[in-house]
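Structures given as structure tokens follow.
Next, two complexes with subunit A in common: one pairs it with subunit B, the other with subunit C.
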Partner chain A sequence: MSTAAGADHVRQLPAGADAASPLLEISGLRVSFTLSDGRRLTAVDGINLSVAPSEAVGLAGESGSGKSTVVGAIMGLLAPNGRIDAGNIRYRGLDLVAKGAPLRRTRWREIAVVFQGSLVALNPVIKVRDQVAEAIELRLGESAEVAQEKAKHLLHDVGIPEKRLNAYPHQLSGGQRQRAMLAVALSCSPAVLIGDEPTTALDVIVQAQILELLDRMRQEYGLGLILITHDLAVIADMCDRVAIMYAGRIVESGSVKEIFSAPRHPYTQALLGAAPDARAGRRTIKVLEGHPPDLSALPPGCHFAPRCPLADARCREEDPPTIEYADRVTLACHRYSLGDGKPPTPIDAPYPTLELGKR
Partner chain B sequence: MSEQPRANTSASAPLLRVRGVSVTYAAQRSIADLLARRPANGIVALDSVDLDVNAGEIVAVVGESGSGKTTLARVIAGLIDADEGVVEVEGEGPNDWRSVGMVFQDPYETLDPKRTLGEFVAEGLEAQGLPMDRVNTSLEAAELLPAAAFRDRVPEELSGGQRQRVVIAGALALNPKLVIADEPVSMLDVSMRAQILKLIEQLRRDQGIAWLFITHDLSLAWAISDRVVVLYLGAVVEEGAAEQVLRNPAHPYTRALLAALPSTDPGAASTHSLAAGEIPQGDTPSGCRFRNRCAHAVEACANKRPPLEAAPGGGAGHRVACIRAAELPPLS
Partner chain C sequence: MKARRWLLGRLGGAIATILMVLLLNFVLFRLMPGSPDRALARNPRVSAAAMEAARVRWGLDKPIFPDQLIAYVGATLKGDFGYSVKYGGREVTSVIGEKIGPTLLIVGLGEIIALAAGIALGAWTGWRRGRFGDRVGTLGALILYSMPYFWLGMLLITLFATTLGWLPTSGISTPGGPGGIEGAIDLLRHAALPIATIALGLIGQYAILLRSSVAESLREGYVLTARAKGLRDERILRGHILPNALLPTVTLAALNAGYVIGGALTVEIVFSWPGLGLLTQEALQSRDYPILQGVFLLLSVSVVMANLLADLLYSRLDPRVRHGAAR
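Moving on, here comes the complex of A and B:
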């Protein structure tokens, strides 16, 4: 076990938090932004999401689905025109949305993030070891000497070679920078780690290396991991549970095993079928017509209805309720009857298909 | 196993013939290097690349960033000159190509926001002295229908997928036999991708257009192409029929690419990294350029660059550049 941070660290919870409450629990979160013309745009519309220690939860969606806004809300890093309209974000029972919430205390120390573009997130003129040490000094109040020693261990732990400790960010490769970012994020032994497209800019082999590292860190440190990505295959590989977002709402959620083997929401089916899969030997892809909606001019009813092959009149008029038909398994789709508490039989949405490479 | 590429592999000349193409970029020298009069070491972007594309064939060039795949696209399109080697289209040198179109990754960069789509397509026609009535037929071929409605619009009014169709229409205007597409769908949302891929296949089927499809995505390369060419640090390390290369990858690098591909298939094993480190950015290793990252490397791998030879147990046209290819363990 590393001495830098980790399981041996006895967590001092912030005032108002208690260890018996769930690690991180988001309920009914609604976030909106004011546009320059004065209109309001709802980017996140009443979502629920939770993560437990050592659990990995994936939040998936295309660009504009609202998944990165969720990160901003958790970390208190929303743009100035953004506002949390409703809902709670509780860390061990402590509401981070409430007025006077100790965000400075929880941000980075309890909940940390690794973003996609590590070149902008790291300070270009400070050596990586000093950046990690600085974070430890500032946030944990350690002496410079102790912080330097911890930084060294932590960077070793994430796989930065010893001779690169005193390198500047631009001297590192893309994968090494992402490792250094992970060291910065882990420097205060957070309990929750959020990866916001942490491997999107990396080549596939380096992506596999970083995913392996994230998975090892989750296990070693008992981290609750929230992985935000447009790539469902990465979630299939890494996560226990998954939530699929479309136009600010979670349309389907549950265990990765269940959702990926029997997707029920037509949007989940489209996303899972949209790319060919060489490892599964699948060349046929589903063609999803149309475009993601403009969030400032959302259609009434189910936001996905205009693109959905199953949509009927009711879908275009009424919002579908989100039904939890089994423990932590949800679906928001009018086309399923979810009243009896049984898993509904998946309906195969008749998308046009395209068989690539038909010779 | 004996699946043949769709297009002819007979003795007839290929549509595109690339032989021994090398490109070296001058490396930046520090002031210390200048003072010490150390010579500038060039960065080798392409090293003696051979490549054929037959008429009507889709060939995918697969590589990560730093593999040289974009340099290769630009050399073939005549946008940069090779230091060595030959590029011919239908036996002609770069000054005579009228039959090669080019589609780049980012339609936002290719299109001028102030010009109408019609003007964009007409530009290429004018340069080649072709009749202007091809503007409409090109937009129609790219499925921007009705063409008359699209030709007066500006890029801002279009979705990302539609913009990429306009870029494809611009390439089609010149009546190409070959289109080079450099990551044509990687900037698009998943839902837009399928529509562009469908168009590429239709154009091949209906008009016999050959595609050189450049991508980092091995799954996509396998799905859309007849043949796959794997590029690593400027050299071809493996090539063959798409199905063969993916089912029987013969080079440790191709195997590592495949093992690292995540899959949404509930039955698929999880990904793992079979290769250490990353593509080196400075000096290219001697001998086999992959040996520093390769789990199977032995001393002999450093001695000379391995030639591209018939893959052990592979089908026709399956070739690999690895002296240990015959000794690699079977894939699990």
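Moving on, here comes the complex of A and C:
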């Protein structure tokens, strides 16, 4: 293993932070956007999510479910029409939502992001090496020489060949660009790394390489990793815990083992049913019919009710409460009885075989 | 070398364009009604023999095609631009050489000031797009952009020369004025309003173009990355947005470098500024073919060269063009 630029870096917490507090903890976060016609759209509706050092948490959901809005809220980079209405985001006890939050201090130095689509996320007219060195120089206050040297190490570490150090983004392949983006993200040795669909545009082989690299960096740096993706297979491979998001809410969360072996929420079941699984010898995939709802005109009750084969009158009227029935294992569904610490049991016993859509 | 072949191709294209312009220049002025000898003919006492002698001397007795054309192209290629009809038979190169300095002075300074101010205004309004400062700045830029030079020039004369009396109304120097440093100050006082006119006329163009490319860049992914990096606004604008957003503005500035020499024509007329513009106007009135051909050739060559410069600059500044990337 090479000498990573930040491995020997002694982490100094920002003022007001508390090493004993959880690394990153999001609670009751609600984010809304004002549309041009004046209506408000609630993109994230009261979610809880946390990540510990060296832990990988997957946030899964269809496009438009609010995954990327969560990233914007954490970084304090919501679009101008976006607003955090309620909830907390705490980094080591530091409130990142409050007015005057120390975002200038926490961005990149504590929490960094690997954005999707490195062709647009990297500046086309700046050499990748300089893009890695920039934050080291400007955020960590290192001299230009030290920053360049560190950038060289980091790029080497993520697997950019020596002769490509002075390349511009367009001169790199898609996989190399994503590696370079990862080096940019790691430049200030953050404690939390958010991967926002980091492998979406890549072919499967390159995707596997990038994920492996991401995993190695997580272990090497002790990163808390939040992996945002619509690809459940990626989460199964990479993550310890998973949260399934639908229309701005987390409908089910828990350990990857628990959720993937015994999905309870009908939406989770549908998502898993829609993923091809060669090992199971299943030749057909079940497709969830319908579309994610229009977030600016949500019906009352469970957001998934209109597409849910199990929905009854109550589902269409009442929001299902999110119940934490075991340590950090949650479910939000009316169709389960959740009693005193026992695992949730379906109300209609025996639980019906789900026929979600045809084909 | 791909780059060298590209450069040779560009140069070849530029030379071919100039040759075409040479032909066009010749045809264009001979299509105009009138002829240089008519200028002489206005004098009623000129004898028919003298007229004929003048026609022979200027080569006007020969057919336009092919004799005059061959004579013109051949001489031009040898660097002989002929003699002015109006300026007492002086060499065209010497007349143009005398007038090019004053034009370069006002056009050069005007363009530099416009570029600096336009970039500052465009970057500022683009960064604050949609806000009050942007609305006011953009409105101002649009007003300046849409004003013709001669109108701007007349407004400035009315305000600063006639009403306030701070600056001279026209000309390049006070007749019989002092020399040395005081003479230089006198020249600058005369040049101030023409320079201001050209600068004001160009600012709007640069500001509006840059504003739109800055505003567009703000939505780019790399700006989000720069923000997430925790960089300061000023750094994001200078270090990330401007290197991208300035590309079209730099190209426009290079192109303008070719056009403004011709574009300063109305400014020079308004301010009686003795440069190429005024010379062109006088030459047009007296059908001074050699001068017109010389000036137009110069303008065409400068436009072609400016295009070449813009191409080269763009490829220097944008690594994607430099490396021949498809994008």
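Keep in mind that, in the parts below, the second predicted complex is superposed on the first by the 336 of 359 C-alpha atoms of A that agree within 3 Å, B and C clash if a C-alpha of one lies under 4 Å from a C-alpha of the other, contacts with A are read in each partner's own complex, and residues count from 1 in each chain.
FYI, contacts are C-beta pairs under 8 Å (C-beta built on N, C-alpha and C of every residue); 3 or more make two chains touch, one makes a residue touch a chain.
Model, not experiment: these values are computed from the prediction.
Judged by the touch definition given at the top, the superposed model places A:N123 against subunit C, while subunit B stays out of reach. In the superposed model, A:S63 makes contact with subunit B only, not with subunit C.
In the superposition on chain A, contact of A:R107 is made with subunit C only, not with subunit B. Between subunit B and subunit C, the partner in contact with more residues of subunit A is B.
Once the two complexes are laid over each other on the shared chain, residue contacts for A:L77 go to subunit C alone; subunit B is not touched. Touch criterion met: A:E134 reaches subunit C, while subunit B stays clear of it. Of all residues in subunit A, those touching subunit C in their complex are 75, 77, 103-109, 112-113, 115, 117, 120-126, 134-135, 138-139, 168, 170-171, 184. Within the complex, the subunit C residues that touch subunit A are 220-222, 224-231, 235, 239-240, 243-244, 317-320, 323, 325, 327. Contact residues on subunit B toward subunit A in their complex (touch as defined above): 6, 58, 64-65, 159, 189-195, 197-198, 201, 216, 218-220, 222-226, 242, 246, 256-268, 270-275, 278-279, 281. Interface of subunit A with subunit B (complex): residues 62-63, 173-176, 203-209, 211-212, 230-234, 236-237, 257, 260-261, 270-272, 274-280, 282-283, 285-292, 307, 354, 356-359.
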